[in-house]
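Paired with chain B in one complex and with chain C in the other, chain A is shared by the two complexes that follow.
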Partner chain A sequence: MTTLTAARSTEPSPVLVMARIEAGRLLRHPIFAVALALDAWLLVSSVMVDPEPNLQRMSETWAILTAFCLGVGGFLAMYRVTRSTDASREVVAAVPVDEQQRTLALCLVCVIPLGVAVVSGLFTLIAWEPGPITEPGFYGRLPWADVWLFNVCVLLASLGGPLLGVTLGRWWSWPMAGAVSAVLLVAWCVSTGFRTTSFVTTLHHQAAPFTLPITGASSEETFRQGGSWWWRVPYVASLCALAVIAALLHGATDHRRTLLLRTGTCVAVLAIVLLVVSTLTGPQGVLLWRA
Partner chain B sequence: MTDIALTGVTKSYGSTHVLDSVDLELHAGVTGLLGPNGAGKTTLLRILATVLAPTSGQLCVLGNDPTTAPGRTACRRRLGYLPQETGFPRGFTPFAFVNYIAALKEWTDREARHDEVRRVLDQVGLSELSTKKLRRLSGGQRHRAALAQALIGDPDLLVLDEPTTGLDPEQRASLRRVLSAAGHDAVVLLATHQTEDVAALCERVIVLDGGRVRWQGTVTELVATAIGRVWLADEAQPGALASWRTGTGRFHHVGHAPPAGAELVEPSVEDAYLLLRGTAADVAVA
Partner chain C sequence: MAGLAVPELRAIAWGHVIGPVVVGTTLLAFTTAGLLDGPQPTFLWLGLGALILGVVACLDEPAAMVTGACPATRRRRTVERLLAASPVVVGWCVLAGLVDGVNGLSGSALALTGTGSLLAAIAAADVLRRLGVDEPGPVVGSVALLGLLGCLLFQPIGGLVVLQAYDDLGSTALWPAVLVMSIAVLAWSTNDPASPARTLRRR
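Moving on, here comes the complex of A and B:
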């Protein structure tokens, strides 16, 4: 009893200590390890086979690989890490570090996939020394602001996926929930590949946690999807915030629950407003280029 | 000084009272909690471990009210809890598991935490297996890993639900040594079906039945209730509450009215418990 008190006095926050331990668990988790390896291997191999790497092809590769490997892989890994202590639920329920602190630690760990995405992006830019854009599609036709905003959304996907994994890990405990959710998540994102032709299709496109700014019926043409990427970035960021709040809400009681519910409601309303604004503003679907 | 006090503590699920107006006081030392399955032992332990909130009644654990958030946290800082069944995260070793729980118990200094983890693993005899995957260990070894986490920081309150289940005699003897040492300063409450553990370890006994405290007192007092009510005979005798054929071929009887000239023997905790349960059943029937 005395040793416990003595050890507690001058040390770092338990949340940070737990975050460090959970970070180690994420990095050792087989799903995340495979996702990291796959991301690195595909990224390097794609440029190795490309005789003339250029910013357009490189960025497409980086964006899709990062969103898939780190976003979806991070989602699955964090879901499993979050659920892993379920077996020891009774023991974990009787410790002073409560569920909200543990959840917060898990959310902090989600900056690891984000950090990896940033590093891989910088590596892509610096190490490959891509040549000038020679193809007319995608980046060649999009405003540079949109390109960079899209890349920010890619980074947010690598953060949001793992955060969503923590949230679902807290709330959904039925068997295969993680795998089913991952499939649905990917299906949702893939379904935004159709051309946006109306408010509803643009709303569907903008609402997805990850989507591409362009689409093409074939390699012969490039179609710029509708909606504003200026508003989409804060919308996706608000989804990340919602995931954190929803995860923290699990097991919260008394005034903490009330506070989280109020904050969550505000953020949800903000997200809806941002989504609608991002759908209504910006250029609507336009054909950028045709061979 | 009273370390734990329960006054009129009730736990209900719908119209079912799992605990019904339980009044208890616990002090430093080892207290055994006996009772049949469904008596409410685990519920009582879960309430004391702050895992479950009572439906009504007052609770004071080490000077704190665990029904409030600050009181609960204060209790948990001084608590060690071994649930009836403990699962482990996949891929963990005993060291990793106990280290994880130690971090959750606010052992934030890495070096001090690792020292403490090694200490409690040594205490339960798992030092040499500390880096082996838990799934490769036997049930008894896993149980000891679960017990080790409860011992972190020498808690002031140790709540143990069937701590000796699955342990071999040597491990059981070793555990008794650990728990009796803990009981010098701390309140140790253990629920068990093993009456020999109660006889060997506990200073006090509480018998729960139907969610109510049926009996409480010292082990000596419990055993004393059975003096003159346990006897040996060559044949099974009707009228005894319980009887069985012993290894010597004679019959051990427990009952309220031994026949005249019966060969009385010294009762055990188990005999006294059976008598108490028999009495309880009689009362219930009446």
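Moving on, here comes the complex of A and C:
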């Protein structure tokens, strides 16, 4: 009995085994490989080859690269990885783990884009030095906490994108769903570049899964967007949690389904409250500079 | 011709085509109507990205086992499928004409870039189809979208602006070259491996 227990305790959890397999599939996926290569190429270019002239430009470049390559690229890749087992549904069903465990393994794999984002952030912090032609930038006009919280939101975007890919893959079998959703997601994030001049525009800005703290061309006008970054971080984190819960809900039955539905409702309410608070409590939009 | 085209058009996975085209058209209508701060290149390119997804899906053959048995050449069948994509290309060119001169946009640059990228995506999808992928739409669409977004957010090829909404000499040279290459690739990929002409040539 003791021997049996000892032998069993050394066995890795089925979820971890599946997560390792799915991680290999993600890393071998052409979309994720293209996204990783693009991220590395453009980051090295803007850090070492042709360094950005100030911290604001460097931070924004890293943020857009991370959100686009790891967030959107991870979203598309995880959507396809999740859908790819459809053709062999009968074989997959024979594996002695239920759908929730398979989904949980896929969600665990989403830590890879987050890890890459952290590494790329550290690389940027260590390796970047402003080039010979420096511009002032506007980060000096923002509280440092806001700058760091913005970077945390970028990291969360690199986690949330792939998680949303898993959720969409579980719930929407239409083959074009991933790509069409990516277009809409990017359009939503790009549309937050408009100035936050009212409650509605600030709400729209804060609600997006990815956004920048400063908007406007530096040659014309520069505007600090409204809203609180302190409340935005837990809001984006709650969106990630919602994505996991929604993915796990697919195929859940009985007690587990009830539990997930209740938890999901609580997290959704929390996300809405955090969104409203982040919209109302932060500073209003401020014009930083005009040519 | 029309009578022959109907069965091929019926074989198109319209659900894959119409959804992205509707999303793209909506985005383009919003930005052209001035709802998103006037016609902005970013939203125009995002709309084009959705249109590319719809157009490449015209070549998806979920029922390839059945349609492949039809007594029609591969080229003819592809041309018939591309008939379904032609309104999208024409629509894009009309839109480019409509926004010409607004906010400094160049209609000819938009039309050239849009037509070139649509045709390049179609050619890539047909190459995959020839290599045995029955539904190349989602794969080619996703990669094309990633490439388009990459060119939209960054400028990956040095000083060359790939997605050109304003007059630019580099892009004026780039996109006609892409168009010619895409047509050449399509000519190769639609050539039936077992066509009588090829068989005769081999003999």
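Simple rule for what comes next: the second predicted complex is superposed on the first by the 260 of 291 C-alpha atoms of A that agree within 3 Å, B and C clash if a C-alpha of one lies under 4 Å from a C-alpha of the other, contacts with A are read in each partner's own complex, and residues count from 1 in each chain.
As a working rule, a contact is a pair of C-beta atoms (placed from the backbone, for glycine too) under 8 Å apart; a residue touches a chain by one contact, two chains touch by 3 or more.
Only a predicted model underlies this, so the values are computations on that prediction, with no experimental measurement involved.
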- request: Tell me which partner A:180 touches in the superposition: chain B (first), chain C (second), both or neither.
  value: second
Query: Does the superposition put A:270 against chain B (first), chain C (second), both, or neither?
result: neither
Task: Would you sort A:40 into first (chain B), second (chain C), both or neither based on which partner it touches?
output: neither
Contacts of A:17 with chain B and chain C, given as first, second, both or neither: first
Task: Pick one for A:98: touches chain B only (first), chain C only (second), both, or neither.
output: first
- request: May I ask you to decide whether A:118 touches chain B, chain C, both, or neither, giving the answer as first, second, both or neither?
  value: neither
- prompt: Contact residues on chain B for chain A in the complex?
  reply: 46, 49-51, 69, 73, 76-79, 81-83, 85-91, 97, 99-101, 103-110, 112-113, 116, 146, 149, 152-156, 185-186
Task: Name, in rising order, each residue of chain A that touches chain C in their complex.
output: 30-31, 34-35, 38, 41-42, 64-65, 68, 72-73, 76, 80, 174-176, 178-180, 182-184, 186-187, 190-191, 194
Task: Would you mind writing out the residues of chain C in touch with chain A in their complex?
output: 15-16, 19-20, 23-24, 27, 36-37, 42-43, 46, 49-50, 53, 57, 60, 135, 137-139, 141-143, 145-146, 149-150, 153-154, 156
Message: Considering only the defined contacts, which chain A positions touch chain B in the complex?
response: 1-4, 7-8, 11-14, 17-18, 21, 28, 84-98, 102, 253-254
